[in-house]
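Next up: the structures, one after another.
Both of the next two complexes hold chain A, though its partner changes from chain B to chain C.
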Partner chain A sequence: MTGRAQARTVPYLFVAPAVTLMVVILLVPVAIAALLSFTDYSLGNADFSFVGIDNYEDIFSRRTYAKMIASSLIYVGVVVPASIGLGLGSALLISSLRFAQDFYKAVFFLPTMAALLAMAIVWEFMLNPTIGSVNALLSAGCASPFWHGLLSGAFLGVDPATSWYGNACATGFPLWLGDRAYALGSLCFIGVWQAFGFNMVLYLAGLTAIPRELYHAAEMDGAASAWDRFRLVTWPLLGPTTVFVVTITTIRSFQVFDSVEALTAGGPSKSTYVMMYAIYEKAIRQNLIGIGAAITVVFLIFVMAVTLIQRHYVEKRVHYS
Partner chain B sequence: MMRSGIGETFKHLVLLIGVVIVIAPFYMMVSYSLKSPSEIQTNSGGFAGSQQPFVDEYCVKLGNPETACTVRPAVYNYVTAFSKAPLLRYLLNGVVVTVSIFLIQVVVALPCAYALSKLTFYGRDVVFSLVLFCLLIPVHAIALPLYIMLSKVGLINSYAALIVPWTISVFGIFLMRQFFLTVPDELIDAARMDGMSEFSIVWRVMLPTAVPALLAFAIFSVVAHWNDYFWPRVVITGNQDLFTPPLGLRDFRGDLDGNDYGPMMAIATVIVTPLVVAFLIAQRRFIEGITLTGMK
Partner chain C sequence: MATVTLRNIRKSFGTTEVLKGVSLDIADGEFVSLVGPSGCGKSTLLKILAGLEPQNSGDVAIGGRVVNHIRPSRRDLAMVFQSYALYPHLTVEENLMVPLKLRRLNRMERLPGLGHLMPGRRQKMHRIRAVVEETTETLKIGDLLARKPGQLSGGQRQRVAVGRAMVRKPVAFLMDEPLSNLDAALRVHMRAEIAELHRDLATTFVYVTHDQAEALTMSDRIAVMMDGEVLQFASPDEVYHDPADLRVAQFIGSPKMNTLPGALGSGGAVSTVGGYTFARAFDGPPQTVTVGLRPEHLAIAPKAPNGRAIPVTVRHKENLGSDFFIHANVGDTGHTMIVRTEPHTAQSLPLQGAAEIWSVEDRAVVFSSDNRRIYASDELRGIGAADLALAPAGAAQ
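Up next, the complex of A and B:
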């Protein structure tokens, strides 16, 4: 019967476009990257040769790539805990408020909506050492005894000359993005500024899912302080949310590119040379496809490892959800 | 009672410090987009500047009389944003690209999700495993091989290059499948009794039931691709007619002279405003859409 035959082919017709695209757009490129990472291929060059693991050796031996791995890991290592800490902290504060919850929620979520490139350019402007408002504000504080006393630690009996702020008041504030010691930190700050609101929203959702009775039960059992209740009830029950938030923030932080490309171009002296930027600069700008492909493979291994660890946790903690 | 009042005030105080830091760049962006070059250089004039008319040097250099070149800063910044850079063209490109991506994603994902959730066929588990595996691969991470493939077929610097890599949303398939699993089978059986083909069941029965999920997915997809800078940067090399809004802004900043900070901030404001305003109007929907990735 033709009807039957049709019924049998229909599912395949339905999945065919998606499967084709998954193979062509996602699987084949992974294979190509893996293959090219063992060559010295470049675009527009007809012949190329296999160079074995030379590209990988470069990544793990040359100083430039050591800096690349280091700056990526530092960026992830700062942005992930900071944006999760701030996300969780603000979610806890907001959920305990009696009014204006929606106001704070909306404001903190705003950076998630705005193009990171545009906001990074605005931050660059604000961090500009001559006409930016950040240094203007900081040095205005030096002139006021109150702010100087507070920020330099003089109120606490610290010698102003030994504190960061007191010292900066005397010798000038940093160039931020132009200073090797501060550039990566400044980019991390922009990253945290953008990411924590997203994490806050996920934690707020996680918090509303915690049954009230559990807090009462914990109190009955002697968990008197707010810290005890957090440690015994809130934190464990937020476990699945935390696993998810850690994963997505880690993957996103590994992929940081917009702010790096626009503000520092990997500099000064490669201090902000993160992996995505390295792939872009080496392979696409300089046509060194082989090394770019090798970085791509290392990158994919990082990202896949993070997701697989997450899946492992999710399966272990399934009873919570 | 008294103590909890103090606690509440303290919480608001802490959160308000956060508000100031979060809002600061938005405030500065709009403020700079209204001010004159000299007010920007000297960091003066409050939020909106004095709006004192000033003489546009560039316009005078072109041979116009000074009176014709005297402009109000806010007007100057926004007019320059739209005239010196083809901002309208960028915005149009942004709309074309984001809308095309979303529509193709739906056309590809919906039938696949339907087949995976409501039809039984040999190899279904294999296809679903493929979906789960592909969820591991972020498209940005494989930008290099995609770039090589696109340049081999001569598609670099085209709308196709901006759209093609995003036509498959593995996440969209996964999401719609989960949603379709909750749709009762009776609904589909009834449609079959009425003699509807599987094809029209997808588009005339499943699609309407999936509108809430699709709306959330639309927000997710549009926000991601309107704001995306990395991918356009890779595949559009120099052809200004194809620039998306972030590329246009980056290009404008690239060849910046001292007078153009105001117009640059005007461009940034124009790019950021649509999504921010849409978000403020429909906050709940947007938060649902953006955090979709959280509802696994």
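Up next, the complex of A and C:
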């Protein structure tokens, strides 16, 4: 080998181990999943046949999968903005405290630290229609004229029977996880409860990185109200944090599984049949690897789309140097 | 355009007292520097004046009005920060517009999107743009308007920060070490520009710096601060030539004033190392004193002309082109002295060679052991003494 040829090949040899590992561990499994999504393979079977785009056709034509995509998007659409708004709000409030900051940080971060599967049992108990504390508390309010008046809107002169609370007092409180109309909402609530502490910690880190002199400059420039200072300094300088928080929360919300598995198992009548749960049910429980792989690919496309959108349209505008 | 008065300002952080009753009277249109080593409380004092930091006690008055409980944004001051504190997400033009928008547009007109529909906003924005344009012309930053602070050099950022302070035409400018992040050449250049800006605007400037050269070159008056107190508040000449305190004498001037131990005798005669005595008589009871001698008030030669001199050993010669600074050891006393001299004299002094130093025209400043000044019997005290020091030597006597 001549010196020149060697000089050209040596660099490739150096990166070869890393590239090989990356391909084998990261890319090949995705490629295999993509490949399997075009087959009717099931685990243990010796052979399988290609079925073309049948699996994808199923996903986009059958009502079950339409419900799956809808419930995933609703879950993401509720949990992402709510947990980010609450995370930012609580971070701003905590950072303005003079004492007990650590206490509040620890308390709000607790749901993120605790395993959701374990906490799901607590929620299951609290949301139980007959012995749960949520409905017990709500129905206790019906008996008190003050709370009944306040929550049903009767103090505003509204007819109690037309409001949700007034109506529920008369006809009974919802079954929550057992009710098609409330199950996904309940899961969203638990999702927000779990996620916002994490977002709060990220925002607290972002807030400490904002130079104090900028607030002083804003104050001197005439930003007298807290809202002006938030608009002028805090929100723009939290831009990079927000991009990160949005991306990570969206991906995590698409991946919701443990609370669904523990509390509703996708029901009632598929109202909480989110994508991760569908993959699990099809590929693991029913051993329909082909359709499971196809949902996985759709799932990956959703996540990729979110990531690309944020890279393309947002990231450039929030990094200033 | 306003006077600024600080009366008996005190401030503590925890148990540390950083300001111990500071009072200053700053005249309308005056350029005042607060100078002192880091940690002397000068930046804290400026923040108290701005309203960004509350004082523990004392009054701040701007234009005769006590503003203790008035928000910074309502004090009508502008500030240039050490880090410039430009909004990184806004262009230069938007940065300059911020103070005007916040003051001239009402809450509705400032709403994103919806604000554009408000009647009257267009005319207001038109006037704001005109003011910004005028400012950028003065500061010669017109070609930077579309850039963001991250794309500017240090000097350009500094100009934009000054511009943001200027657009509003505040009653006073506060500057917190605005030149300390620039390189040496640019710093000297900006020094002249800020002084010129002050002359053009004729507004009160309060300028915080740890660099005595900046204070001397730009100010009408300098407040020398140390350990939370103002040691002297006077013109640059007076602070330099007639320091009221040993710490002022040592802080102002580069290279530092030479200080030697000495003794004040019963007849008012002052002697220092090597038995060197000064011809002038000083007012005070016999005591140990510190004698201060500026490098330019000393002369050095291999042999002193009239025999009365401090014998030294030349240790180092610092060549500044026009002048030499000679560093010399005073015998075995461990004291070093710095003397300014002409290049041809410096050439006659070999390194490690013996030489003699004497005081030209007996110009020594003497301090008691508690750092207070002891004046010579024929010396004017306080205000006016600086004029004497500036006058040709023979004229005063």
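The definition used in the following text is that the second predicted complex is superposed on the first by the 283 of 321 C-alpha atoms of A that agree within 3 Å, B and C clash if a C-alpha of one lies under 4 Å from a C-alpha of the other, contacts with A are read in each partner's own complex, and residues count from 1 in each chain.
Methods note: contacts are C-beta pairs under 8 Å (C-beta built on N, C-alpha and C of every residue); 3 or more make two chains touch, one makes a residue touch a chain.
What you are looking at is a predicted structure, and each value in this text was computed from that prediction instead of being measured.
When both complexes are superposed on chain A, chain B and chain C fit side by side without a clash.
One of chain B and chain C touches more residues of chain A, and that partner is B. The superposition of the two structures on chain A yields an angle of 90 degrees at the Cα centre of chain A, opening toward chain B and chain C, reported in steps of 10.
In the superposed model, A:M220 lies in contact with chain C only, and not with chain B.
Contact with neither chain B nor chain C is seen for A:P145 once the two complexes are overlaid on the shared chain. Of the two partner chains placed by superposition, only chain C is touched by A:P211; chain B is not. Once chain A of one complex is fitted onto chain A of the other, the partner contacts of A:V233 are limited to chain C, with no touch recorded for chain B. Of the two partner chains, chain B is the only one touched by A:I131; chain C is not. By the document's definition of touching, of the two partners only chain B reaches A:F109; chain C does not.
Superposing the two structures on chain A brings chain B to within 11 Å of chain C, judged by their nearest Cα atoms. No residue of chain A touches both chain B in one complex and chain C in the other. Residues 8, 11-12, 14-15, 18-19, 21-26, 28-29, 32, 40-43, 107-109, 111-112, 114-116, 119-121, 124, 127, 130-131, 134-149, 151, 164-165, 167-168, 170, 173, 198-199, 202, 223, 226-227, 229-230, 233-234, 245-246, 249-250, 253, 261, 264-265, 268, 271-272, 275-276, 279-280, 283, 286-287, 290-291, 293-294, 296 of chain B touch chain A in their complex. Chain A meets chain C in the complex at residues 211, 213-214, 216-224, 228, 231-233, 236-237, 239, 318, 320-321. Against chain A, in their complex, chain C makes its touches with residues 47, 50-52, 71-74, 77-79, 81-83, 85-90, 98-99, 102-103, 110, 112, 148-150, 164, 168. Only residues 7-8, 10-15, 17-19, 21-22, 25-30, 32-33, 36, 43, 86, 90, 93-94, 96-98, 100, 102, 104-119, 121-123, 125-126, 131, 133, 136, 193, 197-198, 201-202, 205, 241, 244, 248, 251, 255, 257-258, 261-262, 276, 279-280, 283-284, 289, 292-293, 296, 299-300, 303-304, 307-308, 314 of chain A touch chain B when the two sit together in their complex.
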